[in-house]
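One structure follows; several queries about it will come next.
To keep things simple, chains are lettered A, B, C and D as they appear, and every chain counts its residues starting from 1.
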Amino acid sequence: MIKTCIIGASGYTGAELAALVHGHDQFELAALFVSANSADAGKSLGDIHPQFFNRIELPLQPIDEANLCALAESFDLIFLATPHEASHKWMKQLCSEKSANKAVIMDLSGAFRIKDKHKFAEYYGFEHHADKLLAAAVYGLADWHQEQIKNADLIAIPGCYPTASLTALKPLQQNALIDTAHFPIINAVSGVTGAGRKAALNSSFSEVSLQAYSVLGHRHQPEIIDYLGTDVIFTPHLGNFKRGILATITVKTSANVTERQITEAYQQAYQDNPIVRFRNSWPKIDDVVGTPYCDLFWKLDNKTGYLVVTSAIDNLLKGAASQAMQCANLRFGFETHAGLVN
Amino acid sequence: MIKTCIIGASGYTGAELAALVHGHDQFELAALFVSANSADAGKSLGDIHPQFFNRIELPLQPIDEANLCALAESFDLIFLATPHEASHKWMKQLCSEKSANKAVIMDLSGAFRIKDKHKFAEYYGFEHHADKLLAAAVYGLADWHQEQIKNADLIAIPGCYPTASLTALKPLQQNALIDTAHFPIINAVSGVTGAGRKAALNSSFSEVSLQAYSVLGHRHQPEIIDYLGTDVIFTPHLGNFKRGILATITVKTSANVTERQITEAYQQAYQDNPIVRFRNSWPKIDDVVGTPYCDLFWKLDNKTGYLVVTSAIDNLLKGAASQAMQCANLRFGFETHAGLVN
Amino acid sequence: MIKTCIIGASGYTGAELAALVHGHDQFELAALFVSANSADAGKSLGDIHPQFFNRIELPLQPIDEANLCALAESFDLIFLATPHEASHKWMKQLCSEKSANKAVIMDLSGAFRIKDKHKFAEYYGFEHHADKLLAAAVYGLADWHQEQIKNADLIAIPGCYPTASLTALKPLQQNALIDTAHFPIINAVSGVTGAGRKAALNSSFSEVSLQAYSVLGHRHQPEIIDYLGTDVIFTPHLGNFKRGILATITVKTSANVTERQITEAYQQAYQDNPIVRFRNSWPKIDDVVGTPYCDLFWKLDNKTGYLVVTSAIDNLLKGAASQAMQCANLRFGFETHAGLVN
Amino acid sequence: MIKTCIIGASGYTGAELAALVHGHDQFELAALFVSANSADAGKSLGDIHPQFFNRIELPLQPIDEANLCALAESFDLIFLATPHEASHKWMKQLCSEKSANKAVIMDLSGAFRIKDKHKFAEYYGFEHHADKLLAAAVYGLADWHQEQIKNADLIAIPGCYPTASLTALKPLQQNALIDTAHFPIINAVSGVTGAGRKAALNSSFSEVSLQAYSVLGHRHQPEIIDYLGTDVIFTPHLGNFKRGILATITVKTSANVTERQITEAYQQAYQDNPIVRFRNSWPKIDDVVGTPYCDLFWKLDNKTGYLVVTSAIDNLLKGAASQAMQCANLRFGFETHAGLVN
């Protein structure tokens, strides 16, 4: 059994991770931690996330920031479901080379996703000072970077929007099917859990209503561009639902691209992948909520060469916790979908 | 024109009041105020409530607590859409007998609704120190207390749940149709705007899901009991919608009460009332949202003598702003529904 | 492996059953059937319920009404997730004594729930003609009738509202804690899936809004009364959510009943029951959606003797499919929660 | 007073029209009609749309298809809120030149919106046989075609999506700010009322969840292209809300276009227009629901030349009924926003 803990288990992603680890044959959910100054410290998981009441009743222990090395020595696997700056601050201790740290780290924050450290000031609001770790971190896009993930000790789990976007776009880009002179246009709508578990006026029930936000400046745009290898325009929206992301992507295809080439590109990428599903109709958000799937459907307009692809995921699962679990499976030698699909 | 201002116009109720006054032929929306330490001070109404953008662009002026008398001298009518304690604290200045204060005050908080000042500590969390004003305040149940309202200078607008409940129960109680040995059971579900415009985890979109709260201890229970004149059990619920209240009320009727007696009691109470509607089917929340109506429908079980009545209102209108407007109409000599129904 | 089929797998309950059987170690999901004249006949489960796309891809076979005996001979266990009249019509063949029928039948319709056959005309709109089967059927209230369920061949799975209501009320009734001169008042709100998977104006998205319905005449009222053993007033409501039921129950307790007696009654009933959870706060619908739990929380008003209990379930799981699975577990010798809670 | 009737008043758009005409000083709501074989014939408006119960209690009269001329002779203004084929079929009688028909017709269906009659077979599923009327019909884009509308007798009210799209795009196109080698990409999400008031599985509450539909083939795409004068890619989505449309439009601007040029284009188009609002933040659906406004906000990415504009309307008002009322105001000599904004 892989001895596992979760730091940041009071949030929505942390709770989903707890459920996945708890339900997995090969991983042991050994401890849950929260920031020492969290109001949730000392409570049990079921107090905060009542769907787990009486089922996963581990306490949320306050983390000892001064002694994170001890954690990295005690556990085989640590999930960080923490704010970006907390991950950035704590990672040096967790990954110290001087100690006997052995834990594999899966960071679900954005602190180690993009490689250009200068972009952190612009998009994340803090200066990045962990050059070596940033260079070492592997981007955990689980359906693409499997060999690197298998050998990594620090894995930066992709953001929710990049996961939905890259799953749809990478097969096209890899096969040179995109006319990149026309940027792919990604319009995506996310459920409100994407904003995290917190009190905020703009995620108040009374205020939420479909709306674009962070237009032309969202931090997931450089992440998508980095791992796609070409420019895109990404416009996120907040939707009036709790979970899920639907990304609608419009692409100008290269000259003379056929429906068949597109289908083959997708098949080649995901032929035997149990997580990416080629649907036979346009996916709905609710088709994937509570599942680890990424559902794809597409249509090419032969007259104009424009292609529309939609991609649907559960933002907390494929967009966070279940993709992290895919990475953990890969890293520890199990099938990518173990514990996720039966 | 009745020169009118609203204190607390940044909240949902205040905004509805602004729209009603703005649209009324006989009232002039002369000024909007918010607490001086509100983050909204200085903004315009349309910035905060964009449905009024470019339409009601009055600024939200910071109120000068030290000089409330000046307000009461300058305006004919002041609506207080303020927290309970703010109303309690400010009322003495607003209603000072020593000055030339002339404004009629409509208080939409709970600070002057119940007559027993000792209940404020228990239900509202503060000690009430304004005995004289509490005694003078008229309870603005607009379909019942019309004569008192016409002559009052301080009118305490009823709570949203009491409005829905009393409209349904008072005709029965007045006609001795209730077997009061069995307490009427009021189950009501309110939209989230009832919690006010604020950041709070339990009104976050991701957290809201139908749930009972404040069971057997909600502050509207004593208010209902006071103005009904008999005990009730009142159980409020938070629903996953923005606006509206549906109250489902179960009453054991007195011996041998007939359907006809019930119908007559309701007709007698609301015969020509343009605001209370006798529906021919069970009302939905959305039938009344955005309207000043209280919709009623009922059914008597002849075998057992139990009667079920449901009562639907918009919590921000009939449960607050439009009932306040009914009171203002009555107080200044207009028809009760002027500016509300055309 | 218990060879299992589901008749009526195109509906919401049937799909949930398919998922539970598919995920259970001891049961084999061998076949899915739908009515021969269903537009869904010949499609796969994943076409209709895309959350199961690529995962449970069994075809929905048209059922041969003329030869139901063959089904009952081929399977160990048959779930009927069919309309009331279809269950009533088909049951004689499925349970024929003359053939070698061996299948245990779990009927999720209402056709065999209540014992007084005369009530079917009144509440279900058809005459009941299967006296012997009606007498033989065991009511599958899984947390209460375990011994009978273990030995039954025809099990009538309770309705969703009765499950939520009886779980809350039976411990009180069994311990004589209810002053039955005052009928318990049950107000419950159900998600729209309770109306089944079908086109209907009143379950159209544009029309749904919280509303009472079937007041004082819903078919679940006699079912609750029968299995509780005392009268109740039951008022159902349609809520603007997909899944879940919240029942708010108000009870006048017998003279001098204490909080402690109530707690003991509940503990005695459900002490080691992994499905009924005693919560420490008022349950929300979303706390139980997607789970097999029934969550309870209660409060007694010592001054008046009124008790409020709320009970939350997923209408498609504890209110249908997972309770049927509990019954199947009991009938075939497994733990009641096998395959439901890990 | 302009004597007005509405044909098709049982639908959502018809009901909104009824409310607008009823509330307008200059128009008289003289009669409501529905198809003779409608189940709603004979009911009153308030039975079907309870928000108007006791307020607009006109009966829904069955229309006499054989004698539509009589209608056109009796009324000054007829709104057709009817299916496309019904409008097409009835229009010849309503607009017959031989009779004394005097009514101005506002058709809210799509039957007279696009000028190329061959597209009706492809996009609407019927052959168009009214060439002369098609040629004569004026497209009622009320903020653009004011002179034509003032003189027209048959006005084809634009579709909901084209209204949102054209309001955002026409100022850019008119000023040659679009690099039309890159098609503008329109992604729009509509509330479920856009599908009409009817029973249908895909608009059932239990089934609705954010989803693209009619991708690359929706009938509003040719309408947008016709009145914009350049190609676009339009992808509609169904959202989980009742009312409203949010269109997110991505445009590659012509070389060297500046933020200032864009602002000037919009100001020039809508400077004193009380219906089109330039917001100072990204509009939400709920900011415009229940209002006649079209809210715009935009941002230019100087580095790449891509511009994102979002446009929000109420699909039943600015996308149908209130735009029809704007046209009626223009046609009968009133201010465009009379009866719509106070």
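We adopt the following convention: a contact is a pair of C-beta atoms (placed from the backbone, for glycine too) under 8 Å apart; a residue touches a chain by one contact, two chains touch by 3 or more.
Just so you know, these numbers come straight off a predicted model, no measurement behind them.
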item	value
Selected interface, A-C versus B-C, where C-beta contact pairs are more numerous	B-C
Chain located farthest away, centre of chain C as origin (C-alpha)	D
Whole-Å gap separating chain A and chain C, where each centre is the average of the chain's CA atoms	37
Distance from chain C to chain B - Cα centre to Cα centre, in angstrom	40
Touching two or more other chains - residue numbers and ranges from chain B	240, 242, 283-284, 286-287
Touching residues (chain side chain A, partner chain B) in the complex	12, 191-193, 195, 197-201, 203-208, 240, 242
For the chain B and chain D complex, residues of the former touching the latter	22-23, 47, 50-51, 53-55, 242, 274, 277, 279-281, 283-284, 286-291, 293, 295, 341-342
Chain D residues touching chain A - in the complex, by the definition given at the top	182-183, 185, 187, 189, 209-213, 215-216, 231, 233, 235, 237, 239-241, 244, 246, 248, 250, 252, 282-287, 299, 301, 304, 306, 308, 310
